[in-house]
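Take a look at the structure below.
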Amino acid sequence: MLDAAPLILVIEDEYPIQGIVEETLAEAGFASDILSSGEEALTIFRRNGKHHRALVTDVNLKGRLSGWEVARAIRSKDPDFPIVYVSGAAADQWASQGVPNSILLEKPFAPAQLVTAISQLLNLGSGQHT
Amino acid sequence: MLDAAPLILVIEDEYPIQGIVEETLAEAGFASDILSSGEEALTIFRRNGKHHRALVTDVNLKGRLSGWEVARAIRSKDPDFPIVYVSGAAADQWASQGVPNSILLEKPFAPAQLVTAISQLLNLGSGQHT
Amino acid sequence: MLDAAPLILVIEDEYPIQGIVEETLAEAGFASDILSSGEEALTIFRRNGKHHRALVTDVNLKGRLSGWEVARAIRSKDPDFPIVYVSGAAADQWASQGVPNSILLEKPFAPAQLVTAISQLLNLGSGQHT
Amino acid sequence: MLDAAPLILVIEDEYPIQGIVEETLAEAGFASDILSSGEEALTIFRRNGKHHRALVTDVNLKGRLSGWEVARAIRSKDPDFPIVYVSGAAADQWASQGVPNSILLEKPFAPAQLVTAISQLLNLGSGQHT
Amino acid sequence: MLDAAPLILVIEDEYPIQGIVEETLAEAGFASDILSSGEEALTIFRRNGKHHRALVTDVNLKGRLSGWEVARAIRSKDPDFPIVYVSGAAADQWASQGVPNSILLEKPFAPAQLVTAISQLLNLGSGQHT
Amino acid sequence: MLDAAPLILVIEDEYPIQGIVEETLAEAGFASDILSSGEEALTIFRRNGKHHRALVTDVNLKGRLSGWEVARAIRSKDPDFPIVYVSGAAADQWASQGVPNSILLEKPFAPAQLVTAISQLLNLGSGQHT
């Protein structure tokens, strides 16, 4: 059943939070590639082809690209790719800047919310559109 | 029950189609403001305040703004505003360019699909998020 | 396929609106029992057993019972019964007074919204929970 | 917008009902290919390639194939194909015999329910998985 | 990401269960305020303003108020407030007594169901209405 | 709240995976009956009556019955029974072979996905059809 852990692409530029996300995902059975900027994440995504199963991205990133832009770039390559945004101040922008069938987690949130969000979208993607 | 017909904002630059849309909406009990460009539609939307109940927009428009951009501009003012995109060639871009909780109608579509799409989103907006 | 028109129970105490609702439902292929008060509607509902397929009720009614109360009484007999509320001023009360899996139509609404709301709930009830 | 009417594949072996379905779909803006058996419908479906946009099938058919079997055969070729079942006695079999993301209409139903069911599934298929 | 644990308001009058709920929520990353009666919970909710993120309430409570009534009182202040009901005998009353967009957990249930239920509703509330 | 752990029926014929599933479910608060073939699982299901709350089944099984067939047999007895399929190679068959309102988990998947899938379907079954 569990030959390999599904790999989640994470964009988060605050180091303490990187550790918490990595640990939360590992405990739930996911592997993670954690990058500090949208540019790095897109480079990894394009190189790895189909290996990543979902994106978790902060909205406000240090580089030139916002989380909204990274998600659009990934969806233009893979229209069904699961997207989870994490946001503090920008939560009200989701309705205009988010992509369809994505989830926004408002900070602060519980680790269980992140795990449930990824699982809901992966379970959706594998079949049930509910 | 029906003191006034709900007013739908429509952006469509082909004249024969304008007529069909207007007639379809009128038969279903909706009124419509039909504009030829995104710029005109945004002007009307901003001036009229809360009077429009939904947007139906072609994706490829003659002006500077695409349907994707008009929808984002409207959602940034009203995060719950119902959006229906109409598209021929651009249907595969919805997953990266559309806003959350919108509907895309691929051309050619039946008038009943347009009426159902608007009704589903309005019924959602008035309460049931299902 | 269409041996008999599905029968909708309607509670509406304004006579001109009764006519519009009846005509809208008839054009869509539904039959309707239109009553002026919640008390009358419950009497009919209890007498007819399983013959009604959905309830459409105004929220503010002239009798002792509100539309919220009639819907709860019907759901306590038939937990899957489709409910559509129609409301002008009371739209913001749906989140606290409505029953689960119901739809609220805010006045003014288009006849097509009423037909779509009933059809969505009937199609749900016959199977697809989406 | 409406260069051609979307084509619906219909399997119905009772002649009076064929006429009602054809007229209902035409009024809603759909074209229809109406066949009397599952075998004929599959032949047409396989020959026409991508031209049909949805299937409406009675469950109990005169030929060797049931509506359940025709739907599975079509979905094995096109996993996203919209399916609407029509059924009288067999309604309780949908949970075990239906395919995912399909709709069952229990007889008797209103023409508006058929139109809404097809529109909901087409609108879903073109993007919004809700 | 996780500056503070989201605070869940819990109404449960059996002490052993209070402990299990508190521990389950804490392991998932939520904080909890656990009260023994609906009256106490409403007092806390009204005093704390926007600090609680969701309600988990048993249906049968020792005080004057049932869980159904507490949920309606909270929703009349905050129409989007996530509600999870917990119930043994009263499960069949949800369809008539529950509020829209709530979840009922039938006893006995697994701790993971409680965590998933809260997370689903919070993730919905932060954006995706699916 | 948690008088007894909800019992999940699991069909999995690879022993190492049986252990992982059992442990994952136990940590989430579920009990499990793990069988090696569809035939055994149906025997247990029929004998136990209403005691199982959900089915988790691999699609490719060693016996005569596939996971698709076991799920149909169970749903013909209990139309609301929650079904989760687990599949490696057969993931694309879900759209034609799966039952309505089921979830397919594509291998490899994280344990959290299994827990979320079961919880989503149980929470649905207890009321909210979303």
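Read from first to last, the chains carry the letters A, B, C, D, E and F; within each, the first residue is number 1.
The working rule: a residue touches a chain if its C-beta (ideal position, glycine included) is under 8 Å from a C-beta of that chain, and two chains touch if they have at least 3 such contacts.
The structure displayed is predicted, hence computed values, not measured ones.
Taking each chain's centre as the mean of its C-alpha atoms, the one that lies farthest from the centre of chain B is F.
Chain C and chain E touch with mostly matching residues; of the residue numbers seen at this interface, over half occur in both copies. Farthest chain from chain C (centres taken as the mean of C-alpha atoms): A.
With centres set at the average Cα position, the gap from chain A to chain D is 37 Å. One finds 28 Å separating the Cα centroids of chain A and chain E.
Among the residues of chain B, those in touch with two or more other chains are 94-95, 98, 100-102, 115-116, 120, 127-130. Considering their complex, residues 71-76, 79-80, 92-102 of chain A touch chain B.
Taken in their complex, chain B has these residues touching chain D: 12, 14, 17, 20-21, 58, 86, 91, 94-95, 98, 101-113, 115-117, 120, 130. Taken in their complex, chain A has these residues touching chain F: 1-6, 28-30, 115-116, 118-120, 122-123, 126-128, 130.
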